[in-house]
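Please find the structures below.
Both of the next two complexes hold subunit A, though its partner changes from subunit B to subunit C.
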Partner chain A sequence: MAGDLRVWTRVYGAMLAASVREQMSYRGSFVFELVGRLTVTGLELVALFFLFQHIESIAGWTKWEVVYLYGMASICLGMGEALTTGFDDMPELIRSGSFDYVLVRPLPALLFVLGRDVKLRILGRSLQGAFAVCISVMHLQLDWDVSHLALLATSVICGVTVYAGLFVASAAQCFWTVESTEMFNAFTYGGAQMTEYPVSLYPGWLRSIFLYVVPVGFVSYVPAVALLGKTDPLGLSPWGVWATPLVAGTFLGACLFFWRLGMRRYEGAGG
Partner chain B sequence: MDGLSVATNAWAHARIALQRQLVYRFSNWSGLFTNCFFLYFRAYALRACFEHRIAIGGLDADQTVTYVTVSQAFLMVIPAWGKVGVGDAVRSGQIVIDLARPVDFVSCHLGGRFGVSAYYVVARALPLLAVGALAGFLVLPPLGELPVFVISVVLAAWIAHVILLLIELSSFWLGSEQGVRWLVLGFSGLFSGLILPIDFFPQWARTISRFLPFEQTLYTPTRIWIGAGESLWLLLGVQLLWAVFLTLLAQVLFHAGRREVLVHGG
Partner chain C sequence: MTEPVEIVRVQGLRKEFRVLRHRGGVVGAVRGLFSRSGRTVRAVDDVSFAIRPGELVGYVGANGAGKSTTIKILVGILRATSGSVRVFGRDPHRFRRQNALRIGVVFGQRTQLWWDLPPSESFQLLGTLYRIPARELRARRDELVDRLGLGAVLDVPVRKLSLGQRMRCELTASLLHAPDLVILDEPTIGLDVVAKEEVRTFLRKLHADRGTTLVLTSHDLGDIERLCSRVLVIDEGRLLHDGDVESLRRLFGHRRILQIDLRDDAAQGRALELPRGCEVLEQSGHRIQLEFDPDQIPAPELIRQVLVQREILDLKLQERPIEDVVRRIYRGDRREGD
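Our next item is the complex of A and B:
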């Protein structure tokens, strides 16, 4: 098992490197799309600044605190998305039967599809998110020590885990529907949209979905409350911080289980 | 070619596009599901901004949530995003078949896109307006203004589809339109008023917006729904001017672009 793991890591690494090399050979289009994507997310931030010219706070969170939330959502969504672009043509793989080729590789199918294609240009969103987090932390003048930085890193890892899990689940869904659907966008892009603001401002039913079922809200809100020293009307705060990695891990596990179920359903294309 | 046959062709394309859309039923349900979530997120977040004040940028809380509902409802009717296949056709060489057809390319293309929009009026816009109304996020406009709203939506869809076409026509020169697509998406997200009502913008940004076509897509019809301060006919006139101007631009680019086409193979 440990040996397998080492081989898999090496193969995944090699595939990743090949994917990066390939993108760098089309440098013009790479740069163009990266700039374009940066504009999309950059102007989202501009809209946030426009809004905060009229108001001081939203649900008790100030401008820079919301910018922090926005930045974290962008980092996690962006990295989750970039890691899982190999799944983008899942419907095509299943419809055409090319998924058969994936299954005969001496590598778990999930890992192979993951490593097939990693689009760096999608990292634009994360870059811009990292910028937003940096300026917000500077403006908030937080008294942070090493433990805070560790929590920040944990928060990013948990966020990326949840989003990556969602993208895997969204690809797994194709085993049933064949066509790709927008349904999971409600949780991925929708989740990032929602957690741009503190989840406490949403009504209970909506909040509960994003805290406990698809924990995009949980991994965003709970660490942010602790890091920015906010009071939490939802009472999740002290215990929730410790539970965050557990929540993210459990969710990823559930998504991987869903993928397995889907694989069992796959029948291949004739022959 | 006379105007009548252009119109007949465009109409035929619209009908076929509509029929094609009807096949993807599950896809529409999941899209509707996702749209609902976005509607709730934006509406609750913007409503929370009115905790300590009555109006922002001249809009009150009810107008603002109505703005969110209407703009989300018509997002697919007046699309800012979408592959329309022209770029792919240019890359694959398939475009020569379109060039060989004795019909006007731009009007047939737009006809087809209008078919897609018509489908989304029924499949997306009306259900979302109902969802918004049930959630208390919708105030109806005065009945007399509804026809103006409808005309404005038609013009807005026209402009939106021409913009999408223009993006893909750039592939005649650039090879790939992907960068342009993202750049335009960035600007249209902000300046179509999708992310935030343009009324909330500072004055300088509103001035920039006036000179861009994006305001004429989602924003203008939505603003008419919640009660535009200005003369309605003036708003429609501006939309019409943009629609005509951009369509002519598309015609010019298309005819210039066809000279750039390099077809591989025999």
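Our next item is the complex of A and C:
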């Protein structure tokens, strides 16, 4: 397994380099796509600012606090998306039978698919999210210390983990239905949109889904409450911070298990 | 671990799939959700064979006969339903990744190359994947590129290559790690005559020079006849024939078919005078199909003789279709045409 990871890291690095080279040869389209993504996601931020011209706060969260949440959602979704671009064409891989080529490689299928395609231009969303987090943090004037940094890092890592897991699960669904369905988009893109606002805003059943079933809400809300020093009406805060990595890890585990189930099905039926 | 004498040993192999029955109407659709009823299809049924190092084996059958299923089991993609399968002495499904280092696979009509990258970069990535030392990779790549005449396309993105060029790149990609066993699933499918011949020549040379064990599926008898020393014929999941190419040739006589479109109705006028070793297979309207033995009458000579007698609009030279061979095996024809 250690040997596999070393090989995989080298393949991943090589794919990353190839991706950079490819994008350098189409510099124009790379810039356009990056700018395009920045604009589209940037408009969401502009809409948020206009919203706050009419209201003071949402569920007790001020403008810059919501901008922080929004930025974190964008960073995590964007990086989760960028990490898993190899899974984008799973329906096509399975339909054309090219997935068989994945299975004759001396690497676990998941690692090979993860590393076989890396697209940097997807990162536009994260860049814009990082921008939002930076300006919000500047306006909020927090007293930064190591614990804040640790919280921020934990929040990003856990958020990326949950979104990446969702994208893997979404790809694994192709083992059963070759048509790509929109079901998982409700949790990825939909989830990111939901968590742009504090989850305490939503009715109990909806909140529970995004806190405990698909925990995109948990990993964004709980660390944010601690980082921004908010009072938490849901009472998740003190213990929840420590539970965050556990929640993200468990969810990733469930997604990987779903992928394994799909693989078993494929090995039995041959697609 | 001592290497077993056989590279592949298959005993009583069986593979079943469940095919869900589709019912019509809303009621049927709803019932389909709850019932697990379906038909069990036996794709491979009690197949046994062994392959020794250095053999060049053709695996023949019509579409859906069970060829690809067997291949997928040999490389570990699919689990066998029952029976025992050993490749390099190991269960190929459990040891899929370990075996992968020693097996090279080509699936016709699919690609293992990175679509937007030039082949040279795909080769580099595969080199990393198979842990091939840099110098070894370069030497092997250069040799294959030279043999397959790929120098000019090495830096062209794969999506811009012709099917023939791409297939030669696929072969290179599958051979970079110097596999002991090479499995080719329909490697000539969709290729034109010239490209087909290039692939065949290359494979023949690969086998002669390196003694690589090759297993090749095809529904093109030309591939099998020109390449393989041994042939397995499979139909409806059952192994019908296992023997040398000569024994199969006795079954289908390695006759070929010439289809001619005449300007006039074939039945009109004087009957066509045909040389020895040639007979009319079918005749309707302007079209006539001749079956001939190329050893007795070479194709160009036959065409010349027909041209002297009739005016020809079009010609087509065909191999005997594989279904024909299978039919003959069923009928138990041991010799034909005499």
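FYI, the second predicted complex is superposed on the first by the 266 of 271 C-alpha atoms of A that agree within 3 Å, B and C clash if a C-alpha of one lies under 4 Å from a C-alpha of the other, contacts with A are read in each partner's own complex, and residues count from 1 in each chain.
Going forward, a residue touches a chain if its C-beta (ideal position, glycine included) is under 8 Å from a C-beta of that chain, and two chains touch if they have at least 3 such contacts.
Keep in mind the model is a prediction, meaning the values are calculated, not measured.
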Contact breadth on subunit A, by residue count: subunit C or subunit B: B
Partner chain in contact with A:Ser208 - subunit B first, subunit C second, else both or neither: neither
First, second, both or neither for A:Tyr101, with subunit B first and subunit C second: second
Which superposed partner A:Thr250 touches (first subunit B, second subunit C, both, neither): neither
First (subunit B), second (subunit C), both or neither touched by A:Gly190: first
Which of subunit B and subunit C A:Thr177 touches, first, second, both or neither: first
Touched partner set for A:Glu267, first subunit B, second subunit C, both or neither: second
Subunit B versus subunit C as contact partner of A:Gly36, first or second or both or neither: first
Residues of subunit A that lie at the interface with subunit B and also at the interface with subunit C: none
Residue ranges of subunit A touching subunit B (in the complex, touch as defined): 29, 32-33, 35-37, 39-44, 46-47, 50-51, 53-56, 58-59, 177, 179, 181-183, 185-186, 190, 193-194, 196-197, 201-203, 206
Subunit A-touching residues of subunit B, taken from the complex the two chains share: 24, 26-27, 30-31, 33-34, 36-38, 40-42, 44-45, 48-49, 51-53, 56-57, 175-176, 178-183, 185-187, 189-190, 195-196, 200-202, 205
Residue numbers on subunit A that touch subunit C, as the complex places them: 7, 10-11, 14-15, 18, 22, 96-98, 100-101, 103-108, 112, 116-117, 267-270
Interface residues, subunit C side, partner subunit A - complex: 17-18, 69, 72, 75-79, 93, 96-98, 100-101, 103, 105, 107, 110-112, 114, 116-117, 121, 124-125, 128-131
